[in-house]
Amino acid sequence: MQYFDNDYMEGAHPRILQRLMETNLEKTTGYGTDDYCASARKKILDACGCPEGEVYFLVGGTQTNATVIDGVLRSWQGVVAADTGHIAVHEAGAIEFGGHKVLTLPHKDGKLTAQALKAYLSTYWGDATHEHMVEPGMVYISHPTELGTLYTKAELEGLHQICQEYHLPLFVDGARLGYGLVAPGTDVTLEVLAQNCDVFYIGGTKVGALFGEAVVVPRKGLVSHFFSLIKQHGALLAKGRLLGLQFDTLFTDGLYWEISRNAIAMAQKLKEGFRAKGYPFYFESPTNQQFFLMEDSKLAELSKVVSCSFWEKVDATHTAVRFCTSWATKEEDVDALLALI
Amino acid sequence: MQYFDNDYMEGAHPRILQRLMETNLEKTTGYGTDDYCASARKKILDACGCPEGEVYFLVGGTQTNATVIDGVLRSWQGVVAADTGHIAVHEAGAIEFGGHKVLTLPHKDGKLTAQALKAYLSTYWGDATHEHMVEPGMVYISHPTELGTLYTKAELEGLHQICQEYHLPLFVDGARLGYGLVAPGTDVTLEVLAQNCDVFYIGGTKVGALFGEAVVVPRKGLVSHFFSLIKQHGALLAKGRLLGLQFDTLFTDGLYWEISRNAIAMAQKLKEGFRAKGYPFYFESPTNQQFFLMEDSKLAELSKVVSCSFWEKVDATHTAVRFCTSWATKEEDVDALLALI
Amino acid sequence: MQYFDNDYMEGAHPRILQRLMETNLEKTTGYGTDDYCASARKKILDACGCPEGEVYFLVGGTQTNATVIDGVLRSWQGVVAADTGHIAVHEAGAIEFGGHKVLTLPHKDGKLTAQALKAYLSTYWGDATHEHMVEPGMVYISHPTELGTLYTKAELEGLHQICQEYHLPLFVDGARLGYGLVAPGTDVTLEVLAQNCDVFYIGGTKVGALFGEAVVVPRKGLVSHFFSLIKQHGALLAKGRLLGLQFDTLFTDGLYWEISRNAIAMAQKLKEGFRAKGYPFYFESPTNQQFFLMEDSKLAELSKVVSCSFWEKVDATHTAVRFCTSWATKEEDVDALLALI
Amino acid sequence: MQYFDNDYMEGAHPRILQRLMETNLEKTTGYGTDDYCASARKKILDACGCPEGEVYFLVGGTQTNATVIDGVLRSWQGVVAADTGHIAVHEAGAIEFGGHKVLTLPHKDGKLTAQALKAYLSTYWGDATHEHMVEPGMVYISHPTELGTLYTKAELEGLHQICQEYHLPLFVDGARLGYGLVAPGTDVTLEVLAQNCDVFYIGGTKVGALFGEAVVVPRKGLVSHFFSLIKQHGALLAKGRLLGLQFDTLFTDGLYWEISRNAIAMAQKLKEGFRAKGYPFYFESPTNQQFFLMEDSKLAELSKVVSCSFWEKVDATHTAVRFCTSWATKEEDVDALLALI
């Protein structure tokens, strides 16, 4: 059986486990106040080109989204997102649990467009009854998106400019950030991101760590009392150093980039293999998630030897499916997969 | 100046004020435990043909929607509504404030269709990841809708059947219910409503009362601890009898129907007048809200002598506007309006 | 039967009903944007000596407390109150529903003392783990308190000074404010209040109005987007002028003071009557709530002809009860009561 | 420097890390649906003597408390706890963030007493205004408590009986459960716990794991849709097997008990050492938290070489401090500590 269901099927990069072993019986203070966290923070901020910024470590994506959004928004505000956004669809209402509406706009290739955002904001503020509506208080995008697509630098700048015009913090969900940063043709770097948004996170769970997301606030002071908010959201890890150690390792000797590149190389190979066999693409993605359209009969047969993700039913006889590669995907497994399809 | 902005510009029907005067210095217990509330409850349940049901009085529409929805849903659930639904658009996030997502489906003439609802529910429950999504826990519709349109009895039955199949309470926002019940051609009565939904309310604020909404639960027991929930939502009126007295008056000698008919008669006259003058309709409505498409220049001129509601900008030179009649609209005012357009 | 259960058993002062009658069929815009509200706001601000302040009208006490507190606090903050405070005990969790903890301190005669507040704040900020605790974000007191007692001007100043030192807005629940302002011996006036707190409200429901509470923000800008918050809390009255008209009447020709004085005069008479008959006082109150200790057998007998409020069971054979007077209490009813005890 | 600050200063028991290494590159499905979680669940339920029960794995204590409490309570309900309870003091308002009040009762040695609980419930339900108050919907206790103390089997049975009488689920926070189960003189076992409460958790974070808490529902069905609730609370670990593997290891060959016994043995030695040197105890604790009263001058001196937890300021010249041992504490460190004091 070959597994390409998602990008969190394995544990962590061996260097990370090695590091946890080496430091296991050291005694450190809790909640991220230790030296490993401090070191990881510094390396991350340096990599982002914003040494004066802030970094916070949380455990998982949904809790990070909920905590950041609750930290930024005031009661009367909501968060703008593409209707395909993770916070709008797949977080079991975590944002609404915090009291905030997700204000969805139609996506284009999984992305929020500057045009749609501008039109929405202009309509909202032009509506005489807007005080009876939820005020857009921040903007959320994912990079890569839930459909594997990427914003260009120009698109990010375009969104950021509108956000600034309307005084809206721009928040980038980077659960799969590594895979976006090393994708072929992208002009978005960590520095570009740090310059063009107000808060973002660098995903660890899906990119080499056991778990963990590093929230970066490039320009200090966006969120007040973030420590207490993290605690209130149940997102504060007692042994905070576990997060520090993992990110410190990922940001040492370029490991984060190196392992991200593996996922992309494997995705490219997988993509070409499927293309060669004539499978139509459901979305065109340059990152580690690849989407294909399959006849149901073919899919049923394939499912006996290959495991992938159901995406959606397209019509009576076709289904869209997703194949994921990751930092841990081996070339031999892709070869085996391609032999099976 | 002629005012047709909305249906809550005047106070209350004179019989209601008269009743408040007569009883003003009586002493009664608070919070709806008085005899006037008991009498109003009985009259309402009789009119609905469900004498074993429950009635609760609240002050306004948004608070009623929020309280009922919070009372019905569990934490992991959301409420399904048309994307034009009042709870989705114009309640400043009151539903999300209570922790629940409004799960919107595209409307058809302001209505939720059985087809769209069935397709959504079937997709939701067929999705392998549905436990990561907000579970649909109830269905909300407005009757009349926000666009002035009405469900037919068959449409209500269709929605109700799907709701029952999926064990979803059906909730009808009747902020303008009277105007729907007496509209020409409708086959929906209070009894039909009571049989085809699980909780609904009879609007007072927009239909003859100073304020007040009467929540009807046709089959007892849908919501537990409703009294405490009303209190927790800040929706419990200390002098609860003010609500009882108003609804008791509205449900005595058919007053609620009589005054609703006035609004409809005036709306019909207004509608025919606009039609005769060649104004295109923006929506086709059989109730007290009438929507027209106007050239901006014409609208600017008209606005000097007539006040109506901005609905939305349609294109660079046209705007949709809404004219409302109500229980209090006088024929002479409609005549004056028609003379001005 | 004589009723002294509470101070909201009757309707409204006749001048208010008269005013509602006279204006009933006028057409005004909604949500408090009308001229009556504007007039009432001006009269209130003038009476408070803070013409640059803000006034908002809400319907009831619990909703006012919840809305103001949610408006002032950020997610990680709670509100400090005496353990007898209405928000801590009798609002069915409305404050927690909004996500905030009520941080209670032991009361003294129903009052929060400067000493207890200072000790608590100093301990909180001195605790190394305070970021794991709920941060005190504002202070709530009631005047008169739930036990009928009053703060002196010096006590208010003392609390206010500590609040300022710790940058905490001081919020005064004035549901029964009128009865406090005219009580014998008080040196607290509206101006004193406006100078010594950051937001307070002037109760209408219990002091002559059908319903309504007027929130005063003496120094503009404490709460952002209050209109949307009121809407989100379901506390926005469509026919907002009903609130404006009532407060405009109460603040015309000193009516608010005149009717408050009646309640106090009646309470004093009642108090002396009980004292003369040897009933022990349970609390010593200078306002319209009077608390007595009764033998259960005596209370059972009395309950056949007199209705009052159960306060609490004191021991196996004694109960504390509350008798309330109000703006509407008639001397003949007090005489009748005293003849019965 | 000797560190006795808390019981989460080290990583995990070496057998756990070993297990993570061995399985690191296996591919498993996410969110706790893997075989390691299944195995751990079975071992835990067997150890608890309730093979038909349910087990859920979460990451940390605050998030577990918040998720369980939100899962059990309905909107109008609160959770009863001792005023020293972790949820009442040290969770930054996580329970209130979910909309629920923590209803505190005075503790006795850190414990909730059956007597106080019964008196409170009886008063609550006897109060005619209880519908205006937060209804007690469940009871929370910690075992060991925040003061290191333990309930006896008889005390647990007493609380459980009252809870059953009032239909209140009893929830036991077992963040330090192992240390309680092996303490000298206790008659509380996992089976006793499973029989006498409705939901509890077995702490991993403080007892040998990197992180993780195992929630046990002895009698299936207490909480509906727990999976979605965990997701909504941001408490669902993508690589759920990390939790399964850790608890599977802890519940293999009695490791959980073995390492818990080390903490207790070290705590006893430490305790006797302090006693021998004449330090007064601040609380009498049979578990891994030991509390002493120190002169501030002595503490200042000691702090140069020993790190412990500030507990509270007792008077102008004395401070209470806490020393913690854990599964990882070495005898040589205790010896070194005792040589220093």
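First chain written, first letter: the chains are A, B, C and D, and each begins at residue 1.
The rule is simple: a contact is a pair of C-beta atoms (placed from the backbone, for glycine too) under 8 Å apart; a residue touches a chain by one contact, two chains touch by 3 or more.
Fair warning: this is a prediction, and the values are worked out from it, not measured in the lab.
**Student:** Listed by label, which chains are in contact with chain B and with chain D?
**Tutor:** A, C
**Student:** Name the chain whose C-alpha centroid is most distant from the C-alpha centroid of chain C.
**Tutor:** Most remote chain from chain C, centroid-wise, comes out as A.
**Student:** Between chain A and chain D, tell me the centre distance in angstrom, where each centre is the average of that chain's C-alpha atoms.
**Tutor:** A distance of 33 Å separates the two centres.
**Student:** Could you put a whole-Å number on the gap between the CA centroids of chain A and chain C?
**Tutor:** Each chain's C-alpha centroid was found; their separation is 49 Å.
**Student:** Indicate the whole-number Å distance between the mean C-alpha point of chain A and the mean C-alpha point of chain B.
**Tutor:** Centre-to-centre distance between chain A and chain B: 41 Å.
**Student:** What parts of chain A, by residue number, touch at least two of the other chains?
**Tutor:** Answer for chain A, listing residues that touch two or more other chains: 75-76, 91-93, 97, 99, 131-132, 228-229, 231-232.
**Student:** Would you tell me which residues of chain D are touching chain B in their complex?
**Tutor:** 70-71, 74-76, 98-99, 131-132, 135, 224-225, 227-229, 231-232
**Student:** Touching residues of chain C toward chain D in the complex: what are they?
**Tutor:** 75-76, 78, 89-93, 96-97, 99-102, 123, 126-129, 131-134, 310, 313
**Student:** What does chain D use to touch chain A in their complex?
**Tutor:** Interface residues on the chain D side: 3, 5-6, 8-12, 14, 17, 20-21, 23-30, 59-67, 91-94, 97-98, 205-206, 210-211, 228-229, 231-239, 242, 328.
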